[in-house]
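Naming follows writing order (A, B, C and D), and every chain is counted from residue 1.
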Amino acid sequence: MNMNDSPTAPTASKVIAFAPGRCDRQKAHRAQQAHHACRDETLPIAENICTVRSNDWINPEYKHLVLSAPATALTAVAGQFFHIACPPGADEAAYLRRPMSIYRVEPDDERIEFLYKVQGVGTRGLARLAPRDTLDALGPLGQGFRLPAVAPGEQAHVLLLARGVGLATMAPLAQEAIRSGARVTAILSARSASLVMSADYLRESGADVLVVTDDEQTSDVVQIERMIRRVHAAQAITFATTCGSNRLLSTLQRLTAEFGIPGEIALEQHMGCAIGACYACVRPFRKHSGSDELTYRRVCWDGPVFDLQETTSW
Amino acid sequence: MNMNDSPTAPTASKVIAFAPGRCDRQKAHRAQQAHHACRDETLPIAENICTVRSNDWINPEYKHLVLSAPATALTAVAGQFFHIACPPGADEAAYLRRPMSIYRVEPDDERIEFLYKVQGVGTRGLARLAPRDTLDALGPLGQGFRLPAVAPGEQAHVLLLARGVGLATMAPLAQEAIRSGARVTAILSARSASLVMSADYLRESGADVLVVTDDEQTSDVVQIERMIRRVHAAQAITFATTCGSNRLLSTLQRLTAEFGIPGEIALEQHMGCAIGACYACVRPFRKHSGSDELTYRRVCWDGPVFDLQETTSW
Amino acid sequence: MVDLRVNVGSLALANPVMPASGTFAEGTAQVFDLNCLGAIVTKTITHDIREGVPPPRVAEFRDATLFSIGIPSKGSDYYINETVPFYRRYSPPLIASISANSIEEFGELAAKISVPGVKAIEANVSCPNLKKDGRAFGMDPEATYQVVKAMKSATSLPVWPKMTPNAGNVVEVALAAQEAGADALVVSNAILAMAIDVETFRPRVANVMGGLTGAATRPIMLRIAYQCVQAVSIPVIGCGGIGSASDALEFLLAGCSAVQVGTANFVSPTTMPRLIEDLVKYCERHGISRITDIIGALRMHEPINLQKASVL
Amino acid sequence: MVDLRVNVGSLALANPVMPASGTFAEGTAQVFDLNCLGAIVTKTITHDIREGVPPPRVAEFRDATLFSIGIPSKGSDYYINETVPFYRRYSPPLIASISANSIEEFGELAAKISVPGVKAIEANVSCPNLKKDGRAFGMDPEATYQVVKAMKSATSLPVWPKMTPNAGNVVEVALAAQEAGADALVVSNAILAMAIDVETFRPRVANVMGGLTGAATRPIMLRIAYQCVQAVSIPVIGCGGIGSASDALEFLLAGCSAVQVGTANFVSPTTMPRLIEDLVKYCERHGISRITDIIGALRMHEPINLQKASVL
């Protein structure tokens, strides 16, 4: 049974707070104080009404969204995501919310950040957000990365292997791991050097950053495998993480099996509710590592972070 | 048979021109040159892509929209209307177009104007238009006012009786009538003096303007009837027109019957196509003046201007 | 050059796009050149003159409309003397649409309007606004069979019965129509629906129920068209919520031979000419030289077998 | 003070608002206090454990969604041991929803889950994603009668069969359910629909067809609920496209005793608490002291008589 499914006793104290839903979104933009009587501030998930600080292009395809966020949102950890009610676009509007991984959380500054690729109706709507606009972000949601404990005296060494927007999901893990005393090596893959994102953010966090690109022909699986082996030889990797790419998944499954270390992957799937109710977001997983039998699991509630060996390629 | 239904031979010459439909509206706003191959510039009705010159509040409820318009739109006459693809609002969008009477046409200045009350989703969308935005106005549509011919040497005397937004429909008639040599008396009724619109525009056009208001308790039917009798006594009214109000309709039906003069009324009804195809916009009319038998007629195609005596109250 | 020609049975069309009955009239000829259409379908007529139901007749939703019109008709004489001559000035084949109160009258009216200039007859057995609660001949396979049979014996023109989406057993109705000799099916007419104004407590169309049409209905209408395509061997003409080339392509991919555009004509009366142009652009972009190559080209997803991971 | 209490047969609810099966789960308890609901309806379960259909399982339109899930189920033991105890911590009555492959299994499963804490059982005879082409027990009056009968003999709990909008003869199905002893009807489940990605030529949900739900379907769902209200004397619980107080009021005005909120929970998981608050505000604004005064309060338009103008 998934942890998240375990019965949670409803708490007695009830605080009226603002948590306008998407239907009231436009009004909320003005009012900020919309609320419903059944809101309970102590509950872990909320429709967080955030205020845009900035929403800038960082390259021709990606925008970086920085928000002021209420307390519930600030509890997000690496690998978790928010289900965002995207504002309507010019002549279109997304009916459902859109899942976005948390890219950075700074509780002291009451700030959360997202990194997103502008592609369809929802993200085009997001791209229209301007400073002082408000945004309804349901969350934090899902199961984040689980950094394994290391033996006392030993240093954890976390490998982050990411391509494209995968970065958004992995970046906060670097921060968390380094805060917990781990060393972090991040291998960033992109089409071209100009599309590499977050290298600076990761370096500032204290990660060793290695960049590979299609343009320089350094991003093929063979070279990446060689790179990982070099990293591992220099200091043994204790936990390997990735997301997004099928090619990278197989390589990393093989290498972690060989190294005998745990690994996790953040996955995506089209979503309905994002709170485990609709079963729209399933993907097939091995029932357990090595099993030939598959079972569907919900990316939103059982994930989006899953055990590397239980994941199937697609 | 209605004139508009009479067979029109398709013309041979075909000119490619811009007439993007509503689906392409957003693109049109940028492109202006959207077109389809079957557009025939010689046809009388078009999706006129107009450019907003101004769109200002004239009182707390009404806005005045001034547009630069292509040639087809400039052929509109008093009583005709356009079926307008309203831009989307904040979190809403009108699916169908909205009918709006032409308020003023100035062909020399390539200009058309509308006066509209902001009330629902469509007009709220219209209210958002800013200078240089474009607007798709299908038209001109419908049957306008038919000023009756007068005997040589006699002066026509046209009465305009209007309340509220009815003004928008009647105003261009004053201009047309005066240009044709008629005298025009306009009785404008409104809740309060501040809501009386177009008095100046009508005076400039050369009309005698009489204002009655609820606030001053001068707008009840009895007083209006007395006023009309005075006007008629001073110079015989030869043609009486009104729109909108049920109370005014009955009064005017009675008075024009008594005076033995023709009269017309501009009516409204919820519309689908506005080009006579869907039969959504019907209202019951007497089959002929005095008849007890009713028949449905299309406000968009057989009207919106109808014979006063054939009209039924509602 | 993209070849947009399609055949609907024996009828050859220059392209697969035509108006849906009741959403198009003589007035449209004042907006664009009708010669660019694949066919022209006129509003359903009855033999007698009818007024239709009381207003209000239309309500609107975000992406759909609710119309309750009730087949007002100028009668069959007007149709033959005025409507047919009007459209004979244009090249696309004219499809008449008829309705009647009985099987015999369907046959009689079909015979009467089989005049030169009419190229096929749609049998509107599916108007949701005629009878109480939207019942129609088209709800019943047997009644549909009888109507089509009666029309087939009365005319040599192709007969296209129009299915109702309100029938749960639309496939059975389609099969009955085919068995009776239908030359093609039009799938579908409007979906019976209603709405209430919560401020006045009154229905938003006077007739209480009306036909829901427009973009929002497309996924339902596509499903029904696809079910009919799967079941019958005669051509299916898709209809329901089509307003763009992409919408039309969904129906063509599902196996429809042609499409009808309804409510979208109200949103923009030039929807059809633009749709035709965009079909050409789509084909050019995808390297498709004949639109017929698209018809029925739907492909299934790869299966997932949970029992055997190795398959993945 | 506005009294929002309603009764659904013998079951008293604090207010008329509950989730629609399959759109609500334990996770919602982490977003708002479930005690404010009128009732809690859980996802349909089967006796056995099921995986459901392959992904992609969801597609989206401007105002509706297409879901093809196929009743994945953790089985009846999990339901009794985990789900029921979880919801017993909350005050609103728990309504279980069940599905089965045969009439007998419907009876057996009803008996099995009639455990303390369960207050009524919804019979999902209408899931469009279970069998080929969306056929379901609920398409057939006789099969529905048998299912309800079997459940009624197996349990003393109220039985609420859930109608399918895909049945053309939904009124007959409703009457059959009533005759078999149904305590209330839930009207309706999702509408069978499909969509195609015209770039990939593939269906947008792997299962080809799925259930269309959400705001855009409301006028259809309201019509069916109203048809059932007119036909039966047992309570009808309206469902379909409800996301606001105004939406819920349409169903109440049409005569429904309570409403279920489905897809709108995905748009905002706090839709239901806000809807309940807004119902109170509406009643206050209209001077209505009891929500039951709204139920069935629909008023007709004044008739227009074309023959006699004097009537006008």
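We adopt the following convention: a residue touches a chain if its C-beta (ideal position, glycine included) is under 8 Å from a C-beta of that chain, and two chains touch if they have at least 3 such contacts.
Chain identities (UniProt): A, B = Dihydroorotate dehydrogenase electron transfer subunit; C, D = Dihydroorotate dehydrogenase.
Keep in mind it's a predicted model, so treat the numbers as computed, not measured.
Asker: Comparing A-D against B-D, which pair counts more contacting C-beta pairs?
Answerer: Most C-beta pairs in contact, of the two: A-D.
Asker: Could you give the separation in Å between the centres of chain B and chain D, each centre being the mean of its C-alpha atoms?
Answerer: 47
Asker: When the C-alpha atoms of chain A and chain D are each averaged to a single point, how far apart are the two points in Å?
Answerer: It comes to 34 Å between the two C-alpha centres.
Asker: How many Å are there between the centre of chain A and the centre of chain B, using C-alpha atoms for each centre?
Answerer: From the centre of chain A to the centre of chain B is 57 Å.
Asker: Can you check how far apart chain C and chain D are, centre to centre, with Cα atoms defining each centre and the answer in Å?
Answerer: Between these chains, centre-to-centre, one finds 31 Å.
Asker: Where in chain A do residues touch at least two different other chains?
Answerer: 93, 284, 295-296, in rising order.
Asker: Return the residues of chain D touching two or more other chains; collapse runs of consecutive numbers into ranges.
Answerer: Those would be 51, 54-56, 61-64, 215, 304, 306.
Asker: Would you identify the shape of the chain contact graph, picking one of line, ring, star, complete or other?
Answerer: It is complete, because no pair of chains fails to touch.
Asker: So in the complex, which bits of chain B are touching chain D?
Answerer: 284, 286, 291-296, 312-314
Asker: Applying the document's contact rule, which stretches of chain A touch chain D when the two form their complex?
Answerer: 1, 4-5, 7-10, 14, 19-24, 36-40, 43-47, 85, 92-97, 136, 138, 269-284, 295-296, 301
Asker: Can you name the residues of chain A that touch chain B in the complex?
Answerer: 25-26, 88, 90-91, 93
Asker: Can you list the residues on chain D that touch chain A in the complex?
Answerer: These residues of chain D touch chain A: 22-36, 43, 51-52, 54-65, 67, 69, 72, 82, 85-86, 89-90, 214-215, 243-244, 263-271, 273-274, 276-277.
Asker: In their complex, what parts of chain D are in touch with chain C?
Answerer: 51, 54-56, 61-64, 66, 133, 139, 166-171, 191-196, 198, 200-203, 206, 208-209, 212, 215-220, 222-223, 226-227, 246, 249-250, 253-254, 282, 297-301, 303-304, 306
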